[in-house]
């Protein structure tokens, strides 16, 4: 009966739905406006295969960021599936995550343009690190809303993947200046770690009726 | 039984849902196309930390506008949660709000580019003032639809925050010409006032089943 | 029991919902990417009020097109509220409407840039005319799906506003070359005719439970 | 009772709904940002009909790609209507499809700009081929989730249209270098094959209650 015990949390199918829809919208737009950085070269005369060469590093960076945003969308989706309650604080933590994700296209474009420079790779690392911190914060706020024995809390117990990612992103920033290839390797490596959807949450969800 | 008493208002879960979805879509797009103004500098040769310097004021202005659009999304969401009925007039008042919000990215980009000039700050103030007026109008139309004892009417009684914001935005316009820093302070100050989600509405909602 | 009598039409809440959501998405994006044409002038030195002068005709054209897209969204919404059945043909007629609407931003930007030339005004008229034809076609396909005594058929009987708009748009094209101001007057005038949401449909809906 | 038998598939109305919403968002954005490539010529002096001439091939390419994205949206919609279960793998196969579709605007802009060159047509063919492969893969993953006697499996049995399209796209790539007009003919021809919504699926759905 007392619908809001812990910090203004409430069972709000609609709030959750609209937060998901808004997040989906923002992520969908981010994923697609990144493409605007891919504009084909404006060559005079015939467009040849050679004209495509400068597009290749941009395309690789675009692919990497597409996968990252896809991972965020996927994990965000699975996390909210396991959540029954939200709060005003959760909505703001979500906007905070979207803020950092919104910087991904600019960072991607810069790194794609200057793929052998240190600063763009470091900036990309900062954006990745802050996004991951924002995601962890959001996860914490959502878990705090669910009460002490929530499915979500059990699902992300320990959260080794999250902690490893945070550490690797933090390392990628100095690495960008020292061994440039190492920071690139980190970005690819962390993406691989997360490409698999969060089996922990899926596993726990499996014992319950689908949400 | 008489479904439409006051000015063509009707109980329309679907109308409300689609108005929310459309507003979410527009706000999500606005928040993300603002990022397009953030494009990293196109430097010749190596991309250095120094190349990032001109991006800093743009990033701060972007952050401010991101927070403003986030506030509008959040308050819009809470306001509609407390509303059960809409009307044709409400749909148009909503579009009117979206019109002024749609000018935020252009005003943001101009202020970020010319952060020490008066006119861009004054233009930003005008867009903020008109958005706030449009929001107040929308709130009035929605309340008029809910009947005399609606939750929403009780929730926003007095509306001190709204009135203070309107007054401060109006002040920001002359201030932009007189003491430039004062108009900046107003923009940051009003954002802080609203960063807290509308506890008035949440408080009243708390006594009812979540919508 | 026979769910599809007339031309592959079916009761499909989900199809209708997804068609609405997709249309809302496209219209929301169109309305917001038009803003990209509004980019403030990139002045060297101080940004003054004088720098805003060339933005004024663009802003007026933008406002006009914003209202037009708002009208389409609003009428589209009311039309689908009154519809219970869709078909594959309806989905394509809807995409056809979205195609012409998608040309509005480009036509708007061109007319805003060259506000005293004939050809951009004529192009704007063509886009408006084709959009209106596409809307009428969509309306016809939807009515055909609803069966002989549908609410929607009663609601739009005669459809004087639709026919007048089509005639005026058609006139705006030669007028753009003859008396430029006349075509502008038509664009403003037709917008005013439609600014009022479709009372005919709202009136008929009023006698039924809200959809 | 055992909700997930085959490869982590589960009955998840919400997962399916959010995947649809996300896909709709991405496709709606792609369809509309393609318009940004259509920017009217920035002529000095009067804007004349002659100024429109270079826009014509861009408009035709835009129309072709608009139809392709419309076909993908439509078929995607019909396919998911017939699906009751999704899985983590389905979500990723869907993102994979969206990745290739996201390259359509860039490929479209390049082909529209260089409509008589071979390489842009070949690139367009590659994007089309990869999108079609991604769609086929997604279809396979979804069918694998539905169990052995699903409506969807029956609906797409044989899948002649899909196989023919794949073959034609593959042919369009060498044809772009040999007989340029042939690859254009393939792109138009395959669009015509698919313009009709998937009657196979609609036919099977007709015997069931609408999903």
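General observations
Residue numbering begins at 1 within each chain, and the chains themselves are lettered A, B, C and D in the order written.
The rule we apply is simple: contacts are C-beta pairs under 8 Å (C-beta built on N, C-alpha and C of every residue); 3 or more make two chains touch, one makes a residue touch a chain.
Every value quoted in this text rests on a predicted model; they were computed, and no experiment measured them.
Among the other chains, the CA centroid farthest from that of subunit B is the one of D. For the touching copies subunit A and subunit D, the fraction of interface residue numbers used by both falls below half; the interface is of the different-residue type. Averaging Cα coordinates per chain places subunit B and subunit C 25 Å apart. Each chain gets a centre from the mean of its Cα atoms; for subunit B and subunit D, those two points are 36 Å apart.
Looking at subunit B, one finds that residues 21, 25, 29, 33, 36 touch two or more other chains.
Chains touching one another form the pairs A-B, A-D, B-C, C-D.
Subunit D makes touch with subunit A in their complex at residues 3-4, 8, 10-15, 18, 21-22, 25-26, 29-30, 33, 36, 88, 91-92, 95, 98-99, 102-103, 105-107, 109-110, 113-114, 117, 119-120, 123.
Listed in rising order, the residues of subunit A touching subunit D in the complex are 20-21, 24-25, 27-29, 31-33, 35-36, 38-40, 42-43, 46-49, 51-52, 63, 66, 70, 73-74, 77, 81, 195-197, 202, 205-206, 209-211.
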